[in-house]
Amino acid sequence: MSSCFGRNIRITIFGQSHSPAIGVAADGLPFGFEPDMERLHDFMSRRAPGSSDYSTKRKETDSFKILSGIKNGALCGAPFAAEIENSDTRSKDYSLFKDMPRPGHADYTAQIKYRGFQDEAGGGHFSGRLTAPLCLVGGICLQILEKEGIFIGSHIERLAGISDERFDSVNLTPADFADLKNMVLPVLDKDAGEKMSEAILDAKGIGDSVGGVIECGITGLPVGLGDPMFDGMENLISSVVFAVPAVKGIEFGAGFDACDMLGSENNDCYTIENGIISTETNNHGGILGGITSGMPLIFRVGIKPTPSIFKSQQSVSLSEMKVKTLDIKGRHDPCIVPRAVPCIEAAAAIAVYDAYLEYKKYL
Amino acid sequence: MSSCFGRNIRITIFGQSHSPAIGVAADGLPFGFEPDMERLHDFMSRRAPGSSDYSTKRKETDSFKILSGIKNGALCGAPFAAEIENSDTRSKDYSLFKDMPRPGHADYTAQIKYRGFQDEAGGGHFSGRLTAPLCLVGGICLQILEKEGIFIGSHIERLAGISDERFDSVNLTPADFADLKNMVLPVLDKDAGEKMSEAILDAKGIGDSVGGVIECGITGLPVGLGDPMFDGMENLISSVVFAVPAVKGIEFGAGFDACDMLGSENNDCYTIENGIISTETNNHGGILGGITSGMPLIFRVGIKPTPSIFKSQQSVSLSEMKVKTLDIKGRHDPCIVPRAVPCIEAAAAIAVYDAYLEYKKYL
Amino acid sequence: MSSCFGRNIRITIFGQSHSPAIGVAADGLPFGFEPDMERLHDFMSRRAPGSSDYSTKRKETDSFKILSGIKNGALCGAPFAAEIENSDTRSKDYSLFKDMPRPGHADYTAQIKYRGFQDEAGGGHFSGRLTAPLCLVGGICLQILEKEGIFIGSHIERLAGISDERFDSVNLTPADFADLKNMVLPVLDKDAGEKMSEAILDAKGIGDSVGGVIECGITGLPVGLGDPMFDGMENLISSVVFAVPAVKGIEFGAGFDACDMLGSENNDCYTIENGIISTETNNHGGILGGITSGMPLIFRVGIKPTPSIFKSQQSVSLSEMKVKTLDIKGRHDPCIVPRAVPCIEAAAAIAVYDAYLEYKKYL
Amino acid sequence: MSSCFGRNIRITIFGQSHSPAIGVAADGLPFGFEPDMERLHDFMSRRAPGSSDYSTKRKETDSFKILSGIKNGALCGAPFAAEIENSDTRSKDYSLFKDMPRPGHADYTAQIKYRGFQDEAGGGHFSGRLTAPLCLVGGICLQILEKEGIFIGSHIERLAGISDERFDSVNLTPADFADLKNMVLPVLDKDAGEKMSEAILDAKGIGDSVGGVIECGITGLPVGLGDPMFDGMENLISSVVFAVPAVKGIEFGAGFDACDMLGSENNDCYTIENGIISTETNNHGGILGGITSGMPLIFRVGIKPTPSIFKSQQSVSLSEMKVKTLDIKGRHDPCIVPRAVPCIEAAAAIAVYDAYLEYKKYL
């Protein structure tokens, strides 16, 4: 099993890149909530390919069809289900990879695990395309959370070694997210953004690819979401975020940098202003003991460079059991990071909403 | 809910630092397996405090009593349960922290979440002491996996900014783990270890604390463990590892470093030797598409410096709602990293064993 | 949450009676298995309405479209998803029932629970129509189990007070199921079947309805499926069977009759024939301690009479808060029992297959 | 896996009849709630053996020790765990049954499933003794529910073929439960109770045993608990109730009797009195579409006669693979039904509390 998540919401993401459709079934969304479909389409279009020079030329309109769970524009208590039809698929591009696995892809592990029965076309169930239904259900969770005063935004904190500024983890507000949602390369420092843009196009020019780091911030969380041990906010967020392909690391607050600090440097002192308790710094990233502290929740996610590149690479032929040179053709993003940004927001929203429902049980 | 993990094994860790006992109930362990109790005690003693200058003087013998699940020395199919009695507790040390939360601790978040009903003594359910039952059940999983040829080891990759060598992620073997299990500061480079030792004692001398990074390696994994999306090896391992207090980040393979590489640098070429397929490098850390590739599984975990330090810190009084200075007394580790090493191994073993059971369903 | 089942398979059934589609997403089906689509359609057509005088005139072709999870005719390891489009819907028939709930239906409980946001059309998510996707995924499980030598069949053991013979619970074989699958009123005693037929038509003639009991048998089960306590075969089967609307009771083996027996009468003596251990009687219904004994598994399910009848009934107007007379129009089955037969088989198959996967973990 | 239950509470029941201890770990109980320990002991003593002529002479004091989860008398948010030490065990009584399984017991199925590794002493994990921790955690749930105005009571509806009256399913109130809790044989009709008493003693006199039916009622439920399909109240209650050994059937409301009724007889008309909607009859047993209707929830559970009898029975020797005569010695209840009464109440409380937490998520 694999493609199911959740304690309080239960999400199953289905589909292969070239199956008749991909989609999602989600149980546990709150009846009565009216998703804003236009905003949902906008959110999903941030993920969709074909919109910039940084991404593949494949057209995936990502226009979805709701199958169930909505009545008169509102969630009706029955599971929400939606599908996105697959079209513009070129299955023949992929037949080679069952025998000669692409380095950095799931071709080899899928071939052995599923003994050849997997659907290899377009990467099958491992395709980045499966993040479309993740964004669909995550986009609804984002809207639900916003109604509760919880906002999620993110930017590219690093790309091809070029660093953006970081979020102001103490004073972060929803206003900080507004521009980011409209940028193809969402960054805080526009100069850094331009350099990132060049780096992507440079990599594209030589048939190579680049990776990066996405920083995600969440504001408006009440104190008390998350549970100790296995259901802490870090556990929950990680367990959804790693569903986004190419994610190889996650850190919360000061993260790995905290490891080099003294306790006296890393500890965040408490303070009171206008009767509200907060911390003067936010190295803890808004989570203590797995539980939200009321400070902005901050985490960063490392995305590896797109494994599909157009340079010759050494692979093996599984049928001939010998080393062979692989040349990948087709349409692939030189950098997946910009399109991964809304996916990380969607993943965070799903995890937070699950924690929020847990929290409500004991109110 | 919080303290339960698992799809295929179900683990509940119970107890507070000063409750009559802490312990674990675990369902799904394989009947017929005979845990080696001496090795289990040895494993747990690596976590127990009081054994070196780096850790607290508290004596926690961690000697456990098996309540059920064992018959004639073998797991009998019924849930395994064991308790560790709490003794040498000094509850009065902690009464202060309900009103004046310690920076970097769960005191504040627990106080708000549980509205004062939490057990604050010794950190309650948030105490690092709760890693003892994690090590107990994880230690059994380690032994089960070893019988299947799967070995787990780890070392301190960085501490107080001092770097150890990294594991040879391509050629890692169980032999590389042998010495590490007997070292108080398990490192590959003994010089680095000595510097780390000094850094801990320096921090201790000034009433401060240091953090670090633990690198964990897993050998002998078959190709095919783990599932796409939400149950990939990264998701599973993360969701257990973040149960270890003070963990603030995790990365797999090249991790965050991969984000700065070109695709052509990060992709691991396939090769064949003696009819066995492997990759020439291991930036993917033994996981592709969430599924084990047969290469050593490598991950690193960032541990923040112990939040309990003996320097004066700014906190707040929740009853008086004003800023006050907090001076922590009692017995606390200047560095939790060495004792966290077996905890990370235990967490990895639990996650891998869960994935292994999943894998067996479809054999 | 509601419409999700499973430890080892995870099934989400989605859709409302008049939503664009109903369907199912199922994770955990075995890759490589090739469902026989013709047999699957045949199985589903046993449930579909419109095929006899006993059922509604509504035409629900139940022809499904596979969205994902199949490649080259075989399950490919990714979640299986399929939809059945809704057509021939007459939503206006149902608008009345939001205000005046039908006795015996979920109209009232849904209205209060979902505060009016539920989709009332056609009974919404509570419609018997939702058993179509249950039969779809259950029909695949049936085929998977058959390949393992496990066969499931059932008949109408009682209808409108008319009793059929019971299965020979000791010597039951798959051959006993063969004819049943082709009968509109599947019974062992054809005379009883004719009387049942008359009873249904009599009830239909007076605008009333009748209920009945379905007996289900499962052969070929190995000893050892099911787990003690909460995951015994009785627990598992019940938790799926009660998903079929109108089920109000379940009993295993001698069931409620066993309550009136002496222990010496109810206990089934062991015997050995040709080296095979069995019991001479089968009051235990093939389950001891929650675990299959190798004897045929037998259970009976009580189905209440269809609540939608054409006689005037007393209801209330929720808007006017006064008692009013309700006259139901539209198309409704005078007896749901014949169409429930394959649903019970599907439910049993899902439960057994889940237990079978659990069993395989420890082989 | 087996001994774990729950979506919203997670319960693991551990122990074997003769292991050092039996007990329970439960996560998800509401922090701040103060269990009344005296009432809890009283509740558990209704289950404990040795208190009447109807039960075994074994003394199981069932006095429990709380290991964790309580602070200053209140649930503290951390998992609740408690143990009951095993004493007065005579393991030698049971050694025989690994080779010669007792008819009607789990001896044979456990021996094959666990390949001889199971703990056979005292029935191991299959012992009725394991209902003590079920009553412990269920007893706490009962108290939690009472605070919400939800009351659970039950009586012996039938025993050895002798029928008690049934609950007045329309007008049932908590007052109807008061006396029942103090009766060794809880019945509504005292004459029936006396006949039942005689029947038990008669069976005991001839070394035989009798079974019966328990009727359970739940008052004060709000409209809206339970979910459609797999998480309906019937599914939830069944999945816990079948954890009580010897249960072979369950029915809700009119149950199997409804199968013989016409729809016009079985449907419960709605009415309004003092602005409150109710039904004039309660054949639906307080559940429609899986969801509580606000009427008393009524179900009946069939308990088979105790399989351990003192008459000679035919069994087989697994080592010799031949039929042999088995004579059971030791201490066994001639009728388990009276002691099962609180177990059914505990099971119902666990299921209802789980549904109640689910319900609260969407308030």
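For clarity, chains are labelled A, B, C and D in written order, and residue numbers in each chain start from 1.
FYI, a residue touches a chain if its C-beta (ideal position, glycine included) is under 8 Å from a C-beta of that chain, and two chains touch if they have at least 3 such contacts.
Fair warning: this is a prediction, and the values are worked out from it, not measured in the lab.
Q: Which chain's C-alpha centroid is most distant from that of chain A?
A: Chain D.
Q: Can you check how far apart chain B and chain D are, centre to centre, with Cα atoms defining each centre and the answer in Å?
A: That pair's centroid distance is 39 Å.
Q: Just curious, how far off is chain C from chain B if you go by their C-alpha centres, in Å?
A: Roughly 46 Å, centre to centre.
Q: Report, in whole Å, the distance between the mean C-alpha point of chain A and the mean C-alpha point of chain B.
A: 26
Q: Would you please write down the residue numbers of chain D that are in contact with two or more other chains?
A: 1-4, 7-8, 13, 28, 31, 78, 110, 113, 125, 228, 358
Q: Based on which chains are in contact, what kind of graph results: line, ring, star, complete or other?
A: Topology of touching chains reads as complete, every chain touching all others.
Q: In the complex, go through chain C and note every residue touching chain D.
A: Residues of chain C touching chain D: 1-5, 7, 13, 101, 103-106, 108-110, 112-113, 125-126, 130, 158-161, 203, 208-213, 223-224, 227-232, 234-236, 238-240, 242-243, 245, 247-256, 258-272, 275, 277, 279-280, 283-285, 288-294, 302-309, 311, 313-316, 318, 321-323, 358.
Q: Applying the document's contact rule, which stretches of chain B touch chain D when the two form their complex?
A: 1-4, 8-10, 12-16, 19-23, 25, 27-28, 31-32, 65-71, 74-81, 83, 110, 113-115, 117-119, 121, 124-125
Q: Sort out for me which residues of chain C touch chain B in the complex.
A: Per the touch definition, chain C meets chain B at residues 7-8, 28, 30-31, 78, 228, 357-358, 360-363.
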